[in-house]
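Labels run A, B, C, D and E following the written order; every chain starts at residue 1.
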Amino acid sequence: MAQPLIETKALKKYFKSPSGSLHAVDGVSLKIDKGQTLGIVGESGCGKSTLGRVIIRLLEATAGEVLFEGKNILKYNRNQMRNMRKEMQIIFQDPYASLNPRMTLSEIIAEPIKVNKLLKNRAEIEKRVTKLMDTVGLAQRLINSYPHELDGGRKQRIGIARALAVEPKFIVCDEPVSALDVSIQAQILNLMMDLQEEMGLTYMFITHDLSVVKHISDEIAVMYLGQCVEKAPSDQLFQNPLHPYTKALLSSIPLPSLKNKGNKRDIIKGEVTSPINPPPGCRFAPRCPHATEECMVRDIELIKAGDEHFAACRLYGRGFDAE
Amino acid sequence: MIKKLGTLALTFVLMITLALAGCANKTADVSTEKNKTREDINIRLKTNVDSLDPQLSSNDYSSNAILNMYNTLVISDSKNNILPCLAKSWEISDDGLTYTFFIEENVKFHNNKKLTAEDVKFTLDRALTVPMGSTYAFMINRTDIINEHTVKVTLKEPYAPFMEYLVLPFYAILNKEAVTAANGDKFANPVGTGPFKFVEYKDGEYLSMTRNDDYFKTPAKIKDVKFKIIIDQTTMTMALEKGEIDFLEELPGAERERFKKDKRFEVLEYPTNYLHYFMLNPNIEPLKDKRVRQAIGYAIDLEAAKKVVYDGAGEVNYTILRSDMFGYSDNIPRYTYNPEKAKELLKEAGYANGFNLKFVSVDTVAGRKAPQVMQGYLADLGITMEIETNEFGVYAQKITGSDFVISCCATLAQNDPDTLLYQLFYSTEMMNMPKYNNPEVDKLLDLQRKEVNEQKRKEYIKQIMDIVMEDATILPYLYREDAATYPVSLKGVTPKANCIHYIYDFYWD
Amino acid sequence: MYKYIIKRLMMLIPVILGISFIVFSIISLTPGDPARIILGNHASEEAVENLRQELGLNEPFIKRYISYVGSSIKGDFGSSYRTGKPVFEDIFGKFPLTLKLALFSMLLATALGIPIGIISAVKRYSIIDGASMIFALLMTSMPSFWIGLMLILIFSIKLDIFPVTGVENIKGYVLPTITLASFSMAIITRMTRSTMLEVIRQDYVRTARAKGASTKRIIFKHCIRNALIPVVTVIGINFGILLGGTVITETVFALPGLGTLLVSAIRMKDMPIVMGAVIFLAIAFSIINLLVDLIYAVIDPRVKAQYSR
Amino acid sequence: MAEKTKKKSFYIAVWKRLKKNKLAMIGLSILIIMLTIAVFADIIADYDTLAIKQNINIRLEGVSKEHWFGTDSYGRDIFARIVHGSRISLIIGIFAVSIPLVIGGLIGAIAGYFGGLLDNILMRLMDMLLAIPAILLAIAIVAALGPGMINLLIALSIAGIPGYARIVKSSVITIKDLEFVEAAEAIGAGTTRILIRHILPNILGPVIVQATLGIASTIINAAALSFIGLGIQPPKPEWGSMLSEGREYIRQAPHLITFTGIAIVLTVLSLNLIGDGLRDALDPRLKD
Amino acid sequence: MSQTLLNIKNLYVNYETDEETVRALNGVNLKLNKGEMLGLVGETGAGKTTTALSILKLLPKDIGIITNGQIEFDGKDLTKLKEAELRNIRGERISMIFQDPMTSLNPVLTVGEQIAEVIELHKTLDKKQIESKVNEMLELVGIPAKRKKEFPHQFSGGMKQRVIIAMALSCDPELLIADEPTTALDVTIQAQVLNMMEELKHKLNTAMLLITHDLGVVAQICDKVAIMYAGEIIESGTAEDIFEAKEHHPYTVGLFGSIPNLIEKTNRLKPILGLMPDPTDLPQGCKFHPRCPQCMEICRKVHPDDRQTETHTIKCHLYK
């Protein structure tokens, strides 16, 4: 099995807040093989965006490792990190806030090239920009327009073109389509999947929309309160969810068909607990119907419960004395 | 709905203005009939009172006001004659060195202790120790008590204007017991013998006094006196017009015609002893050369300048000594406006196409205007003058350190020119800021000071004037003309060259 | 809550130390000798010299500053060179007048500023909006001494309603109050207008309309409270400035307020008065800011939550 | 659907919105008139012969054919002095705003972008300057360094610094967290590039507004300082000192005050109108 | 067939600013019966919110103008009513809730006060009765009554939406208009809120107009569905018509094609090409023709009218 392109080991990120330390990412270990897409799904406040930013070092991790092609990039100094930037990129959720309103389209796309001095003279850069615009499906006549003149879909395409400008291997996509209408969303998802096939890109796709994550991801990791509670290939996860939270999550999605309309579905009670100074043990315990005191004792690791299918839950073996 | 909000705001505002306007009665009307019964008077005071103890005050306006609570040994009338006050009579020894004063018997202080020679000796001895002593009491040597009501004062050397000095507020007679108790507190309750007793002083607002009924002369006609502190000139004239003040001394030139035409007011114009003059530093280029200094003298049309700076008030003085002063003569050399002669002198001195110089001025009404006029006239001669209007503190430091090329100043002269000439021209004298040094003039000054024979003394003064006017380190300008203004019904106001007005003499008819 | 107040007051100390050093150095390192100023340019050299000695002006600058800080901590702020009285006696003598003036003008400015601001926001682009904006702009565009003089000319001389000087009776306060209020009123009007415009566009206003509430009720019950939060800061800052005593208005109306005292002290290089007044103002200014923050907490519960933790 | 390819920059959009605001246009036209007067002052009225030359015998004359605004107490033509005075007042206004804008802006940007201890120290410093009432700070400085244009500029600028520092800091904080700044970091852009290319262009709005209003209040403060005798040295015509000179003759020759007063009010009013108009234009949300 | 509560006939609404005129609604026809839940589906800019706002005339003052058509509610035409009469209906007979719970509550007033306000406005009750009604409503939406003294910032997103719903239903209105009530919430919280709304519909027999862009939500709780595109209702009918019938408007087909299917694995989605039309210059004929895969000559020129089966209407020339 080839070495995964990117791997995290017990990655942690804590924030100082007036009333204690906020455990945004609390010991996450994942790996993504080259050319694959790992979906990260979870509700707001589960730390999925923070995880993405920590991996590409927009935020400095509190503990743990991030291995890119086997090497721990958290130890890199400024210059090593500068050429690492060319390997990893990020696409954002809000099309309005992710583009500098004072720069034209061509300036935005050309900036990464200029900053990293990939091409020298203006003509070459110009050519590169027009090629990128074609790849992401932007009409040439928009080259001089400003972000505020374009709709959400086109702005997201500019974001993608900017990310591709440095020909990265790995892209973190932080809810890239959540702010778009359904029809535009579909166009962008198709574009991203085409680019993956053409350029062999590896995605970490972060979203709260389960139908989108199933469609685009090869493997999916479900996050709750800073921890990864379940990881599995996307079909297995949807056909046979193991962790109680995943089950509840899948059952609360309203399906666009009348098949099981009206029958009672088991939706979970209560609200997400506070991520500040969380008690040890399974974070979902307070809301879990199968919870016992055993769940509250110590943090539970991901337990192997099938082919490439892991779940962090006591029901699937004694999580803490690892086999 | 919006209308309601609007009306709400308007009613609120009306309510405030009415509340403020309503609860106060109409201010005193200026019209004459009601004044019959008036027993109070509001007088404008230009600055804060810097001390209630006359010997610790360095501000003439403030000391003139507090003088009304004290008496001096002698006082002066509008013609500058010396009249008896606390001193019934006095004798001066032939050599002019000793003065013997006979004190009034039944005079009581406000703390109704009797006035004795001891108080007079205490006052004159203390005069030598206080900081202002060096300015006003430099001539006194010793004071001895002859008996309970007679005092002998011996001077260091004969000093003709000594009697004029005794008129000044600095020499107000203090109560020994009260002053020793206050030990240097400038604002301790003043105890004097004067026609008015101290009531209250609110810094920056007013100084109020009331009639002293057991005054050793007939008590004053006016019962309550209030000095209102108004610094700003424009506000002052408006307050007078509104009747909020009844008496002011310095009506600005611009307002004089208006008030003279206004039959409600009386305007009494009189020259004061304050001489305003320009100082040219003979020790700094380019004014080292006498001819350049003279050229500046000729360059300025002082008559026109007077119109600007004082709006025409007062009359120009070309000869430092005023015509009514001892030792004045018509043939003292002077610099009248003569631009051609000025150009000639400049050419002779080698400055045909002019030069630069800086005028060190002070931030007062005159201090701002006079240099600007001079600037205009010097510009005609190609001389470019920069004006530096400084804070009083900075100005004082610069002129006392003679750190200036050209500047302006003013000083209080006496009828007897001795002090004035001594201060302006004697080489070691502190007030001789241009540091004019002419041994010949020093000798003549000493001679005239000792000379008892008037004719000889005049002769010496004439010689001094010829030399100093030739050297042109001091360019006289004018004696400031005050204009006391008050409602017509106020009587007893007389012109006072030394600006000391005794409220005692005022009364409403 | 009290922990927060004490922390804020503690923060005041470095600010005051900083200010005192800045002002002390400006006044003492610049030309102009206090002793000479007091004794006038007639007094002799040695008279000035022993006064300098008496006031301790000959020691090096740093030593004087340290001794000043030392004594002021113990509560002795020295006495004024001019009057010889303890510093705070003079300051507190003048302060009530400035305080009254500041209060009256702030009251008038708020009473006029807020309603006009609200009306012009609610009836945007109407004549009222245009007129009130022009009026507010005119007030800020006119130098206060010009307004003062015009008021005296019209109301005191021509109409003879108000006195020119003196604040013996309440009538003396009217014209100075209007002059002072004109400037802050303009700022409050513009501030209220922009915050009201902001609040009117909020979602909860739309919810209130959907509840069937009338515009009047929405303005009073929902909008004003939210809109006033930032306006309170502006009022606080302006009140602080007014407390500093506006020299200009005090000169024009011959009112012996704190401003005149401080300016003449600066000109006279009367160090103890200048230091005392500036420190007093700094404390007053910080207390006002603290009050403003506390008022914030009262109006806006989200802010209160922050403090009580 | 033809999409315009012209480089329709953000500023053109702002200008279009500003043009619709009638009040701002009035303000702009007044300002343009003032600027042309200031620039062509020498042509409109000769400096030496009219503004400076004293002519005592035509002193304090009212409005007349040769002297449109009459003459002052030295017989100088008031119209000429106002014309040349506009040049000085505008220079003071512009310099006494741009200096604190740059200094305050830098302090604000650094404090806002880096935060932490640096932010705390800088802001405490600003609090100190703010706690001393601005006009008193100015008086102390002018009293210390002596009157004159340069010292007046220094005095007014120091008083202005905290205001700009705060405005810039608050705008930088709001911009700093936006995603396009994170994106710039992600592509390896350095701090200086981010500050100059991304953050500064986006905080121009509130800063420009504060600057225009700043020029207005600076002109008034300069006039106030002249009023209490600390302003520009004679004979240079400056509106504030002209006003305080004329004050003495308020009853006898009111024309000394009226025209100069109107000149100040018009200039300051125009700047305030433009400032307000810019605030609305630069913040599209304010438009319904 | 239960009695018709709301009947919107041929409604036209424009947003007129001095730069441009936006033709938001272009002839909307909609019918809603008592106690029924209608789902109004469409993408951004389709005119869903404008329809809702025009019912209660909450359109922005002198900018959002109803140029044509009637809105009959319980027999009365709302477009003709004066502001005062409309105010009595708002909150009492028809109430409305909005999308973002975070900003829909006044931050400086307690939750209890804001619920009590709507009761005070429409019911003449004394203080104690109002307080008990407030407690009752809070318990109804699953919030402990003692929390009525707390402020909005002390509640989570889901909790705030419950408060808003309690507020809207406290005067027992006949019609509740909900503009994307759960879009801003997490999936699990959305499920809780939707369940609650369904229970309340049955318990209080309130008709609901639910505006959303999520076909899943519509399928789960709506009885009837209407699909909007460019200011018109291009297809409407019962839930069965929309989700199970064979014939559909091409836009509806495109919508369903754009949603990833949770059950089978599809390689690529079948999105609708192109962009939403510019409301300031709408295309001629059928507004969807520029993006319609089965576009015919007639579609470009003639505006299609409704092809009506018993309950299922489709506005397209394909189904003449």
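We take it that contacts are C-beta pairs under 8 Å (C-beta built on N, C-alpha and C of every residue); 3 or more make two chains touch, one makes a residue touch a chain.
Keep in mind it's a predicted model, so treat the numbers as computed, not measured.
Counting only chains that touch, the fewest steps needed to get from chain C to chain D is 1. With chains reduced to the mean position of their C-alpha atoms, the one farthest from chain A is B.
Note: centroid distance chain B to chain C, computed from Cα atoms, is 38 Å.
The centroid of the Cα atoms in chain A and the matching centroid in chain B are 88 Å apart. Spacing of chain A relative to chain C, judged by their CA centroids, is 54 angstrom.
Of all residues in chain A, none touches two or more other chains. In chain B, the residues touching two or more other chains are 234, 391, 394. Touching two or more other chains at once are residues 31-32, 149, 214, 251, 267 of chain C.
Across the interface of their complex, chain E is touched by residues 43-44, 151, 153, 181-187, 189-190, 193, 208, 210-212, 214-216, 235, 238, 248-249, 251-258, 261, 265, 267-269, 271-272 of chain A. Residues of chain D touching chain C in their complex: 23, 124-125, 127-128, 130-136, 139-141, 143-146, 216-217, 220, 223-224, 227-228, 240, 243-244, 247, 250, 257, 261, 264-265, 268-269, 272-273, 276, 279, 285-286, 288.
Those residues of chain E lying in contact with chain A across their complex are 43-44, 156, 158-159, 186-192, 194-195, 213-220, 239-240, 243-244, 254-262, 265-266, 268-273, 275-276.
Residues of chain C touching chain E in their complex: 202-204, 206-214, 221-222, 225-226, 299-302, 305.
Of all residues in chain D, those touching chain A in their complex are 3-10, 13, 178-180, 182-189, 193, 197-198, 201-202.
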